[in-house]
Amino acid sequence: MNYLKAMTSIKVGIAGGTGYTGSELLRLLSGHPKAEICVVTSNSCTGKKIAVELPALTGQLSLSFEKTESDSFDGCDVVFSCLPHGASAELVAKASAQFPKTKFIDLSADFRLDGASYKQWYGGHDHPAPDLLSRAAYGLPELNRATIAKANVVANPGCYPTGALLALAPLAKLGLVSGPYIVDSKSGVSGAGKEPSRGAHFPDTNEALRPYNVGKHRHAPEIAMHLSAFAGKTASVSFTPHLVPMNRGILTTAYAKPAPGVTVEDIRAAYDKVYADEPFVHHVEEVDVKNVRGSNSAHVNAWQNGDFVVFASAIDNLVKGASGQAIQNMNLLFGHAEDIGLPKVGITP
Amino acid sequence: MNYLKAMTSIKVGIAGGTGYTGSELLRLLSGHPKAEICVVTSNSCTGKKIAVELPALTGQLSLSFEKTESDSFDGCDVVFSCLPHGASAELVAKASAQFPKTKFIDLSADFRLDGASYKQWYGGHDHPAPDLLSRAAYGLPELNRATIAKANVVANPGCYPTGALLALAPLAKLGLVSGPYIVDSKSGVSGAGKEPSRGAHFPDTNEALRPYNVGKHRHAPEIAMHLSAFAGKTASVSFTPHLVPMNRGILTTAYAKPAPGVTVEDIRAAYDKVYADEPFVHHVEEVDVKNVRGSNSAHVNAWQNGDFVVFASAIDNLVKGASGQAIQNMNLLFGHAEDIGLPKVGITP
Amino acid sequence: MNYLKAMTSIKVGIAGGTGYTGSELLRLLSGHPKAEICVVTSNSCTGKKIAVELPALTGQLSLSFEKTESDSFDGCDVVFSCLPHGASAELVAKASAQFPKTKFIDLSADFRLDGASYKQWYGGHDHPAPDLLSRAAYGLPELNRATIAKANVVANPGCYPTGALLALAPLAKLGLVSGPYIVDSKSGVSGAGKEPSRGAHFPDTNEALRPYNVGKHRHAPEIAMHLSAFAGKTASVSFTPHLVPMNRGILTTAYAKPAPGVTVEDIRAAYDKVYADEPFVHHVEEVDVKNVRGSNSAHVNAWQNGDFVVFASAIDNLVKGASGQAIQNMNLLFGHAEDIGLPKVGITP
Amino acid sequence: MNYLKAMTSIKVGIAGGTGYTGSELLRLLSGHPKAEICVVTSNSCTGKKIAVELPALTGQLSLSFEKTESDSFDGCDVVFSCLPHGASAELVAKASAQFPKTKFIDLSADFRLDGASYKQWYGGHDHPAPDLLSRAAYGLPELNRATIAKANVVANPGCYPTGALLALAPLAKLGLVSGPYIVDSKSGVSGAGKEPSRGAHFPDTNEALRPYNVGKHRHAPEIAMHLSAFAGKTASVSFTPHLVPMNRGILTTAYAKPAPGVTVEDIRAAYDKVYADEPFVHHVEEVDVKNVRGSNSAHVNAWQNGDFVVFASAIDNLVKGASGQAIQNMNLLFGHAEDIGLPKVGITP
């Protein structure tokens, strides 16, 4: 850490740094020109060297994990919370009261839904911080930049919703499509998290492919709510996720009928216009997760297919679908260009 | 080859034995109790030992590849044609004229569509054997058993159509669903064939995922035509195939609205009833390609999801989607139980 | 189950049927012409339908899991034990005393080493059944056929030892090589078992590759002990296993200096001679795990490389490396041809 | 491209930009703070937009491919040649004569061997530029920094030699080991290049694993020659490469006897000391290619195993094994810190 960087950089705290979103933040922030990683917490690894737990960081980070408690984040300009839902809202509520100048970017689901939906989909109890929830900004910069810039708490979007909304929301907003929407998403296995489980055990996952949680996945209400909000009208969404034998990437294939008179050329032209100045979102010919792997980029396209238009988007679920987007939000909150410190070129092959 | 088997067995010829469907026929037939592999042709490998070209067969087969011409199949009871479309119809036409007692099972697309659709989707020229085409049976035993049993030429279905039709056709026939149908299929890479290509090159395919040929895939008219035929009414189908980084397997996820008053429980009950006595098709809780890998089995299920019902089927594209189904058709043609010589248990992990 | 088969078939019991070796036994035995699966036990799934726990068996098996205790195996001609080491020896000891006519094939490590090595490598305590241990046969039929045929307890070899011994032991026995041997083995992930763990979690295992347990793997003494026994002289073995991102397969690459005057051609000729009549082991040009996948076959070859000869073998770790070899042993014990009911052709692709 | 960067940056040319090493250079250089990509050539894609051919670069690069001829590189400070061997030496010879101030970093094999070995291993003809060859520096900065800094032509090392030499050369130089060396390397499939081939076709490569070119691989003499050179004594090397079903990464497992009295602790201490100040090479506990994926880092460790010491190294074959090391050499040639613009943290998962 050179002196100059330390003087001018954003002091960053990470709550829950051992999971995949936490370690991805560490990967990306360790090369960020304006961020200084000051504290990383983990209750399961408190006191252990981060670079021993996460050997990819060998030589890059000398910190050890601290205990996850609000006091740990004293002095931080921004805190990324990678805690599980429930625990995350509690930490953010407590720490934001304690450190009112600190910004919070929550990678859990705790600030993405309204109170009623949260209660319905996340365990049946009231939201632990309804006041904060009402002031949190939904952190999809391409669609919500102005609101995010002024927020103290940013709800970093879910991975599936990021993919679905980048493909559909601008079109819905422009009235080019109106639903009902079928969203058929295919995710790499890192979306299942770092904890070993039957559903992500290599021999049961490799050379395997299945839909899961059909009609029951918690990202379904998130997609419907924000698609409705961006469109200004209620959107009906049938969301079906699938698990694909690859580490990273979400391909979203969505189906809807275009508005009367709207052609697929109109839709492609809308993509071109809406995303013309975006550093990360591009309208491309072939939409393949490989082209965005490891990067914060998103690719979209659309095709006519019988009565329906097929929309596709590709993102890296851990970058644009999680930690990269969180850093994009951080850049935005602190007045930097949104793309600093974030890879834009996918790692192919 | 013991004497008894040779005396009573079906004498088999395979045209085009070096590709994936050909080698899969060899794998399956080498253990079939009632089949004797008599001749295997390949123009690219004429004269070479089969077990040298296909080392998995080491110790199991002493034959060499012969030239692909109708004369090669003299004495065969059945010929499987694994030639490319066009070439396949020509061989079948010539050989069936020459050997009128021989049965033909065509794994190409040449006998799957009607003449007009064939001309439209396969190169713009008239079908080379329209008379044979009109008498060929569509070889999906679970839906077309009686017709197949009497045919001399069987059109073995495409891999995607097999998956889509097993999930949808019985329901459409019963009037439980009526479309329009969205068919979102995900295939392993062996579906692309054995010839190396950019689209199936390992480093460009592994950790990659993309839709391809959207609105243009040749299996689209095959699905629509036979779904319409089995249902007795015109079916509108939007078909979108995807390439998934795994060797084998097709997961088909389809979306349609149920007929008025029909519930997902009705649909599941229909699966149970229709497939109750089938040796290969089963209604299961979780539909995953891993559970049918290497076998001729197919798994199906359905779920409610918003306004739509989601239908899923899983097959091994090279077995139930190609060579296994071809052998099932052979068993049927020769009066054997349909399941002899065919694996029914998927290889997991 | 038809009546005739039940009358003449081998009545099979499986202890511990939910793991990978157990479910692989079920896959293979469900199509075996001379075996009848009578009882399958699992303490974690007692009372549950086998085909619900293992959906690949849907339609093939109506049994439920029973409790694992020696009484469960009353009436069995043969019992395969897939229990963990320690528990396996206890069950075999108790059940073999109770049912003296029953044969036992133990897939754990409990009967593979001598008592002293067992104590050293498996937990520090004395072997629970030293008398049985002294009479158990090491179940590698190609090298130990006569002894196996007369045994009541067969120690089914470890997966790595099977690969290493098929490549090296016949040569050592003939004096063509004498060591020290370097054995560099690469295994698919199913070798880690069915229990989810950090080391087999898909996102941490796919696109990953590492040596593990270097100098400490429990298969090292098994290789050294049996290589020494077959060769008739002490063999020094340095064994290093690696975990490769694939489901199945072990490729063993071994290095040793040939005996003075011995060429690689002599070694290849020895493979040809020794394995000439074997149904499962073949000397081939290219050694690739894909060519034996899903089958009980093993492929071997050797090359000169500088001062050393490089030996390679390929097996499917769950078939020839576990359950397939166990069935081969069963066939041998009951006087059948060793290859009945066992696939010999690898599933490619 | 901002004005300031253009004014002070290294003007870069790339010959042969469509292959994997070329596109990896583009990925890495597009984010390099001191490099400006000025010209990229490709004879197969001349005139086409780079970002259309390589969609991962969408939005990052507006250049089109130019024809590959020496004139194209007028004005470049450095040229990376990614041409095939033979063609590369010819271009470098011609262009270096034409532009004497330009530096050349050759990613082909043309400047890695001496003239006699080149003739023996690369086609039987004399080296096309023997004079340049004699002055080229072997571009492994950790072992040859001082020589590289003064060179005009840098021979970027092969991927396998990079992995083997980082593990063995410092130890050989210190006399801790002396060989003979067994080098058993396992590579991801991107090492086979971008051209589709039978050996890298997805269905024939996934779930497959094999040694290849045993005793015949062209990296064998490169390892032996430079290991000998760094050690100051002739090294005997038996090199066996394997193809592993993953995109990137080389794990090298090497075996040798330590010098008398040398322990594995001495070897680990030597790694710690030799690599203490290196930005990219680290002695770690667990050596896994996943921890260096996408980065220019290399991890090494060693273990005792019977009579031998086992050495392991992990690199990303396209970064430290090719394009990343080439940029490290560029940084060195132009007096920058070696690590600028290069990722140091592996992408996990």
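Every chain is named by a letter (A, B, C and D) in the order it is written, and numbering of its residues begins at 1.
Going forward, contacts are C-beta pairs under 8 Å (C-beta built on N, C-alpha and C of every residue); 3 or more make two chains touch, one makes a residue touch a chain.
Every value quoted in this text rests on a predicted model; they were computed, and no experiment measured them.
J.: More C-beta contacts across A-C or across A-B?
T.: A-B
J.: Using mean Cα positions as chain centres, tell me which chain lies farthest from subunit D.
T.: B
J.: Return the distance between the CA-based centres of subunit A and subunit C, expressed in whole Å.
T.: A distance of 46 Å separates the two centres.
J.: So, what's the distance in Å between the C-alpha centres of subunit B and subunit A?
T.: 41
J.: Multi-chain contacts only, two chains or more: what residues does subunit B have there?
T.: 20, 188, 190, 203-204, 206-207, 245-248, 286, 288, 290, 348-349
J.: Please output the residues of subunit B touching subunit C within their complex, sorted ascending.
T.: 20, 23, 26-27, 30-31, 52, 54-60, 190, 207, 247-248, 279, 282, 284-286, 288, 290-292, 294-295, 297, 299, 318, 343-349
J.: What does subunit A use to touch subunit C in their complex?
T.: 20, 188-190, 192, 194, 196-198, 200-207, 245-248
J.: Considering the complex alone, what residue numbers of subunit B touch subunit A?
T.: Spelled out, the residues of subunit B in touch with subunit A are 180, 182, 184, 186, 188, 203-204, 206-211, 214-215, 236-240, 242, 244-249, 251, 253, 255, 286-290, 293, 303-308, 310, 312, 314, 348-349.
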